[in-house]
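You will see two complexes here that share chain A, one where it goes with chain B and one where it goes with chain C.
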Partner chain A sequence: MNIAKLPLKNIISYKKRTIGLILILVILTMSLFGGSIFIKSLNNGLDSLNERLGADIIVLPKDAESEVDLQNLLLQGTPGYFYMDKSILNDLESIEGVDRISAQYFLVSANADCCSVKVQIIGFDEETDFTIKPWLNESYQGVLKDDEIIVGSMLSTKVGHTLKLYGKEFLVVGKLEKTGTGLDTAVYTTGDTVKTLIEAAEDKGISILSKQSPDDVISSVYIDVKDGYDIDTIVSDINLNNSEVKAVRARTMMTSTSDRLGIISSAISFFVKIIWAFAAIILIAAFYIITGERKKEFAALRVIGVSRKKLGVLVMSEAIIIGIIGSVFGIIITGAFMYSFSVLIGTRLDLPYLLPGVVTTTYYILVTFISVVLLGTISGLISAYRAVSVDTARILRE
Partner chain B sequence: MTIDAKNILVSYTKNGKKDNTISIINSVDITIVPGKVTVIFGRSGSGKTTLISVLAGLLKPQEGSVLYDDIDLYQQNDDFISDFRSKNIGFIPQGQSLLSNLTIKENILLANNNGNDSDRAEELIELLGLSEREEYLSSQLSGGELRRCAIARALINQPSVVFADEPTGDLDDDNTQIVFELLRQKAKDGAAVVIVTHDESAYNYADIVYRMDGGVLALSDTQK
Partner chain C sequence: MNYLKKNFVKFIELVLSLILAIGSFTVFAACPLSEEHVMACHYAQLVVTTLGVILVVQSLAAVIISNEKVKLGITLAQIPTAVAVFLVPGTIFSLCMMSSMRCISIFQPAVRVISAIVFVVSVADVVISFIKKNKQGVSK
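After this line comes the complex of A and B, so read on.
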């Protein structure tokens, strides 16, 4: 037995004291690490969604529900479909300032082998698409054939497997990276395939379209505006001249989501700060009180020849070891929770939610670890100062 | 090692007011010589504990000096004094001074300079009748056992100076005799032993006797 072993011995021996202090540090760690990961995941989700939208303007049927449906599809993955007359494409193309234009086709599967719930089918035009293909190419570089599909990350099927939609077999040729948005549960294919599926559905007695032919309808139009043209002016022009459709600025459509996300982020940041302030005060107070109760122990150590400097190091060592244990436990618990329940969290939030990658997570782990151990060290410093200031002679007299 | 303390003055200022100064030790001179048992008798509050705290380097006096041979203790820094105390001084405090989360043996070895002189620790444990309690935590011991353990801890490094503050306070007659004989033996082995007590039986083991009253130290009339 020697002085160097004493900090660890004290930590192990005084279980209640150690557990109490570690618990405070775990709460500190969980609030900082969990809060940071949560806020970053929300921001990642929104960034991912904005990136995926990839257009300046989205044109939808005038139907009051279509914009909500599209938002639900993007944010929550709630499947939906709506259609408008395809002739709008010619009108939109002729608007001055429109650079690129591409139609998309939405359909909901009746049932699919992969899934216990209906899945969203999104069809795009291979020739004109500029919003979906750039990120589809991350998982599949070829040209999609009529019997091929690419699936979102959340669908439980693999590349090379087949998926049955409306009785037809489709080969899965690609699986996308997670986006944290509703797009993770969608199936991507060509517009022509969607039209075929609509017909297949009609053949099975499932009415998708009332009167029109699948060749005459589209679900939405994505527009890229030329540089130098005002997007809002073009949006107004479309809405004024086309009574059957509604044009929305892509960024505006996400404004309410962005605002919600901002409020949630601010609230979490506020709570993290409050928790830190309270927990820091409690931690410092706990160390201070514990040191006061250990005066006799410090006096005993002084009697056997432990210098004030060594006594300070001893108290600091205990605080640092407890800080390390608390932050490591907190990080493991929080990490396990955040990563195990990320899907559930995202679903409950109804917001895009995409966990940060390894580098960002490592950065947060390091920042949390350093912050918590530093706070433990500061608390320890206060205790160490009390310990080295102990009046041995007075305590021996008491 | 001879200790020569000159003109020691210790006082406390009550409520931070200079005119409320209480004198604890008043101009005390004392010389402690090796190979002798010096006993200081006095009532509670007479300043005995404060005096040995000063002599052991635990309390810097307001005035005066404490010389260990040619080393002026309070001219040194805390690191030096602590190291010096660890190597040369065995201090037996009056109250409970063991670490409650350590066993008897661990408490004794904690004070050991090389940390692992297990044989010496066991020798002292046996000598002080603590063999059956070796692995007990201090919280499981009686007052007398705690005192004996503190004595063993003070003697683990074979110190050249031993300060014992009421070393027999919690002991029965048999153990009192064992402790005094042990301290007496330390003196015979060449150590300077200082016992502060109000246990008059210590007189039988003393070479030099002082009496302390109101912070003033005087050689006893009943010098041996």
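After this line comes the complex of A and C, so read on.
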């Protein structure tokens, strides 16, 4: 018999033992890899949302619900609409310290032909916009013409294709980068196209959740503050001088989300550590007990001339092979689940959720694989030490 | 008990096929039918359910039939069926246009994960059958 093949033969022959050990390692891998990907996705989502807001200050109508509505739109993609008089834009422009300023108009569609759900339509000013077009996924240098739209990444239509809203075809000229937020499900277009949409809806007799024209009202104003000016002072200034609107720092608006995310991340990290501690103890104990039960087998191997060193290597090899199988299975299962159901996870969480890219994922795969195999190796090392310490003569006498 | 042990992989295939066939119109069904219009994903769901039922029949036949060659043939036939199921949502049949909708967020990943497992299990079953057959040939 070829001694080198013995570890593999042992693994195949003792099925129950092997499956038990592999299961522990799969759980370890899933907790480490899944936990890492999950936490990274939450952090990516929040970073992406902060970047995508792209403004220092957001100005909304003063009614209590508008801020909640905007947060729901950003975090969950729940379509919302609220309006304030467009004249506020002139007042805000004249404030000292305002660098860039751009208004947006929110419209909620009835059911689009594509989907059985409502679609958020965001009308923006092409000349002043600094929050939408920088995030176009494919280079689009042109100016949006009538009946042209830009879509969020979660709309599966492609650039150059058309999207039918209220029986009217709109040409998709750009697609935004994925953000992991509610902004991914929106349709972006100019005020003129928004008016066309409202008219098309009325022609079809479909009730649309706004009768107000973008010529008269706006939903939100995004302000970028010049360097050297205090953002909080400008926020206070806007709130003091304009009773009908409410200015909020973009960062402040995301504080509660950031806090929730921090709590979830800490809880997951804690559970991953607990699972690892318990699983590591169980794994080491399992290998130790199994080695104890295999004393006769080791003694027999020593009798047929297998050296102590070779015996140690055999036991170690078994542990490493099991570690490799367990970590590979764990990574495949976790990866398949996390990546296939990422949209569902993000939707259920009500938090920005953006999976890491290929490089970061590869890094996590490698770290998980090395960690799990290393733990298997350490368990094997302890078992190997016990195996080579076997008093062959005594065991055989027993 | 021995029968269950002997046909263990076939029973796994049967359970997976049942999950696929029943789940495709219950637990992980595509978007609900709207009164206004039937969406594209509805047809994808019908095809997945049909192929799921075919997989159930194939798996059941493989469990019942005792002839090893016929068993192998049925398992071989399950492989392209599993591939077809995998390709139905999103590739052969287009789904709704928003990724957050049920057909893309639940139906498609669930169907793909289960059909991928059926594919892997069927391939493994075929490989194991060939290895066993070769071993028997050598021992004879």
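To be clear about the criterion, the second predicted complex is superposed on the first by the 373 of 398 C-alpha atoms of A that agree within 3 Å, B and C clash if a C-alpha of one lies under 4 Å from a C-alpha of the other, contacts with A are read in each partner's own complex, and residues count from 1 in each chain.
Heads up, the rule we're going with is that a contact is a pair of C-beta atoms (placed from the backbone, for glycine too) under 8 Å apart; a residue touches a chain by one contact, two chains touch by 3 or more.
Treat the numbers as computed from the prediction; the structure is a model and nothing was measured.
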Discussion item. Clash or fit: chain B against chain C, after overlaying the two structures on chain A?
Written reply: fit
Worksheet item: Which holds for A:157: it touches chain B only (first), chain C only (second), both, or neither?
Response: second
Discussion item. Quick check for you: in the superposed arrangement, does A:60 touch first (chain B), second (chain C), both or neither?
Written reply: neither
Worksheet item: Which of the two partners, first being chain B and second being chain C, lies in contact with A:184: first, second, both, or neither?
Response: second
Discussion item. Quick check for you: in the superposed arrangement, does A:308 touch first (chain B), second (chain C), both or neither?
Written reply: first
Discussion item. Students often get this wrong, so check: with C-alpha centres, what angle lies at chain A between chain B and chain C, to the nearest 10 degrees?
Written reply: 60
Worksheet item: Given the touch rule stated above, what does A:84 touch, chain B (first), chain C (second), both, or neither?
Response: neither
Worksheet item: Does the superposition put A:254 against chain B (first), chain C (second), both, or neither?
Response: neither
Fill in: Partner chain in contact with A:341 - chain B first, chain C second, else both or neither
second
Item to complete: In the overlaid three-chain picture, find the nearest pair of C-alpha atoms across chain B and chain C and give that distance in Å.
Response: 10
Worksheet entry | Interface residues, chain B side, partner chain A - complex | 49-50, 53-54, 56, 58-59, 78-79, 81-87, 89, 91, 93-102, 105-106, 109-112, 115-116, 153, 165
Discussion item. Give the list of chain C residues in touch with chain A in this complex.
Written reply: 31-32, 34, 36-37, 39, 95-101, 104-106, 109-110, 112-113, 116
Fill in: Touching residues (chain side chain A, partner chain C) in the complex
77, 111-117, 119, 153-157, 163, 184-185, 336-337, 340-341, 343-344, 347
Response to the item:
Residue positions on chain A within touch of chain B in the complex are 1-3, 6, 9-10, 13-14, 296-297, 299-310, 392-393, 396-398
